[in-house]
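A, B, C, D, E and F are the chain letters, set down in written order, and residue numbers restart from 1 in every chain.
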Amino acid sequence: MNDMEKFTAEREALNKLVLDYGGLEIKRFFSLDSQVYREGSIPVKYKELMGLVASLVLRCDDCVKYHIGRAFDENVTDSEMEETMAIGLVVGGSITIPHLRRAIKAWDELKQKGNTNE
Amino acid sequence: MNDMEKFTAEREALNKLVLDYGGLEIKRFFSLDSQVYREGSIPVKYKELMGLVASLVLRCDDCVKYHIGRAFDENVTDSEMEETMAIGLVVGGSITIPHLRRAIKAWDELKQKGNTNE
Amino acid sequence: MNDMEKFTAEREALNKLVLDYGGLEIKRFFSLDSQVYREGSIPVKYKELMGLVASLVLRCDDCVKYHIGRAFDENVTDSEMEETMAIGLVVGGSITIPHLRRAIKAWDELKQKGNTNE
Amino acid sequence: MNDMEKFTAEREALNKLVLDYGGLEIKRFFSLDSQVYREGSIPVKYKELMGLVASLVLRCDDCVKYHIGRAFDENVTDSEMEETMAIGLVVGGSITIPHLRRAIKAWDELKQKGNTNE
Amino acid sequence: MNDMEKFTAEREALNKLVLDYGGLEIKRFFSLDSQVYREGSIPVKYKELMGLVASLVLRCDDCVKYHIGRAFDENVTDSEMEETMAIGLVVGGSITIPHLRRAIKAWDELKQKGNTNE
Amino acid sequence: MNDMEKFTAEREALNKLVLDYGGLEIKRFFSLDSQVYREGSIPVKYKELMGLVASLVLRCDDCVKYHIGRAFDENVTDSEMEETMAIGLVVGGSITIPHLRRAIKAWDELKQKGNTNE
């Protein structure tokens, strides 16, 4: 398993644990969290890129990885990804650089698996 | 002048002061800050909405107001605005609510001026 | 109207506007936001103080004011309030001091209205 | 050693190093940091849960782990823990979810060691 | 009174209120908060500029104003101030710009009073 | 390789990847990021310590490590380092403690390599 696959496997195992312990409010929050990224007036692809920018400026590596995986599934191109990261970097400043590095590594890993979006 | 107009006037006066005092690095940063929102692989409208989500989760009222003004200029509709804010609210949590209130007030003010985007 | 009364009036007017514009997700979030502070295994009073500490370390003046108002309604005493703020200050550091000042001013204003909790 | 034991051992070794290098101000800060959680008008248990909520919304995994360990020592129940985390999640938003996952894993690990609080 | 004078007057009135309500821990924190900026191996002037950068990246207007006033007292020059702000802007990103604007306005106000540091 | 050496090697490999994917804006940001720390009215040493305080209060371990390495190169002494960290701790609060621990560990590792700055 590469990094992204390990991340996804661990994420799913822990989400199960969260829902085991979690009461109604936590379950409702998780449900809301998927609803807001659904297709609407704004296409899913751009919603995922919004989630990515938000995750980058808030400097949450796991959230960044998750939205990068989703962006890849939505056929985001290299240049769309690059423009999104440039916005995150300028809004969030140099403090986001370590997260940007790991973001690009995750993106590169997905691209290297052979099924590129370009 | 309504709130948005006052905000824009004050913003411009202070930007002038920043560029008077600011050296090369600050000027370059300001230039970069406008470059990343230019039309590219991602349309300007979505770049502005990304800037808005980032501003909302980082809870910067002035940044929120600025991107709301820009989103209005880019003919963002009520439902695109609403979906964007829902993402910001879910990512950033209830701590963003006071900023969300002021964001919607600013949006409402722009809409009330008669030139609605719907 | 004193500061707290103005704050409450404005908060309600804007909440109405949020719910006018807001779709299902925003309404659900607002509903969740009140559910988590309801009486449960943890008494309401302590839940409000948790909300206050969280608001203080995240430095959200409006959120601080709201939970101070709620804490007052739940008959929190001066020394409970002081201990809560000391935790917020130590966790969040000197950057929280301006918010702490305004928090204590809001608390003092509620106490001065004559119906003290001590 | 499980995760929580490793965390505690490393934390103690590094705290020693901090106090070796640290001058009077750092030592005083560490002392203040334990004083604010002492029994007072608010019981220790609730102070620890306040520290936990603050750590969760500020997204500090080590701080979360520490307060979860302390909450366990103070006989916090599963449902008190769950209500605390729900407040943290709603205040801090989806960006806290990766930290929530690790928090619940740490809590689960403590419970699995056989000396449950229920 | 100009903005900086109003700020200082209000700050002092509220600090008094904080110390009236505050217990031992809050008083100790306030004392620590002045100790760390005292002359040591690092000259006071640079400590104040460190406090300013920290306040700028954490986006606390009152903290920024306070350290700008202190920097002025310590005879910081325009170009030292400009270099400090450039670091804050690059570390913290465009989200700090509204705070940078107000910072430069406060600095300009101090300089305009006739007793310039250049 | 010790921790600091591993960190530096990985940082360089990933920076290369960032510049491979990154467009003009990201490259310009990286360039700005080195310009602001250059010798000017403020000596490089103090600029690095400002970068360190900013990184500590924003709780970015990689940024902290980087500036600690740079501070070591600039012959920062133990007591200058200690005073800088005390400012970061007081401004940022107890939530910075886990980062402070790792910062001191990195500093200690550099000192243990035999070429001490004292």
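One rule holds for everything that comes next: a residue touches a chain if its C-beta (ideal position, glycine included) is under 8 Å from a C-beta of that chain, and two chains touch if they have at least 3 such contacts.
Predicted, not measured: the structure shown is a model, and the values here were computed from it.
Participant: Per the definition at the top, count C-beta pairs in contact and tell me whether E-F or A-E has more.
Facilitator: Between the two chain pairs, E-F has more contacting C-beta pairs.
Participant: Out of A-F, A-C or A-B, find the interface that copies D-E, where copy means more than half of the contact pairs are identical.
Facilitator: The pair repeating the interface of D-E is A-C.
Participant: Using mean CA coordinates as chain centres, what's the chain B-chain C distance in Å?
Facilitator: So the centroids are 27 Å from each other.
Participant: In whole angstrom, what separates the CA-based centres of chain C and chain F?
Facilitator: Chain centroid spacing, chain C to chain F, equals 37 Å.
Participant: In chain C, which residues are in touch with two or more of the other chains?
Facilitator: In chain C, residues 25, 29, 32-33, 36, 54-55, 57-58, 79, 83, 86, 89-92, 94-95 touch at least two other chains, as defined above.
Participant: In the complex, go through chain C and note every residue touching chain F.
Facilitator: Answer in residue numbers: 57, 89-96.
Participant: Okay, in this complex, where on chain D does chain A touch?
Facilitator: 59, 78-79, 81-83, 85-86, 89-90, 94-95, 97-98, 100-102, 104-105, 107-108
Participant: For the complex, give me every residue of chain E touching chain C.
Facilitator: Touch list, chain E to chain C: 11, 14-15, 17-18, 21-23, 25-26, 29-30, 33, 54-55, 58, 60-63.
Participant: Tell me, which parts of chain F touch chain B in their complex?
Facilitator: Within the complex, chain F contacts chain B at residues 24-25, 28-29, 32, 35-36.
Participant: Show which residues of chain B lie in contact with chain A when the two form their complex.
Facilitator: So the residues of chain B in touch with chain A come to 32-33, 36-37, 40-42, 46-47, 49-51, 53-55, 57-58, 77, 79-80, 83-84, 86-88, 90-92.
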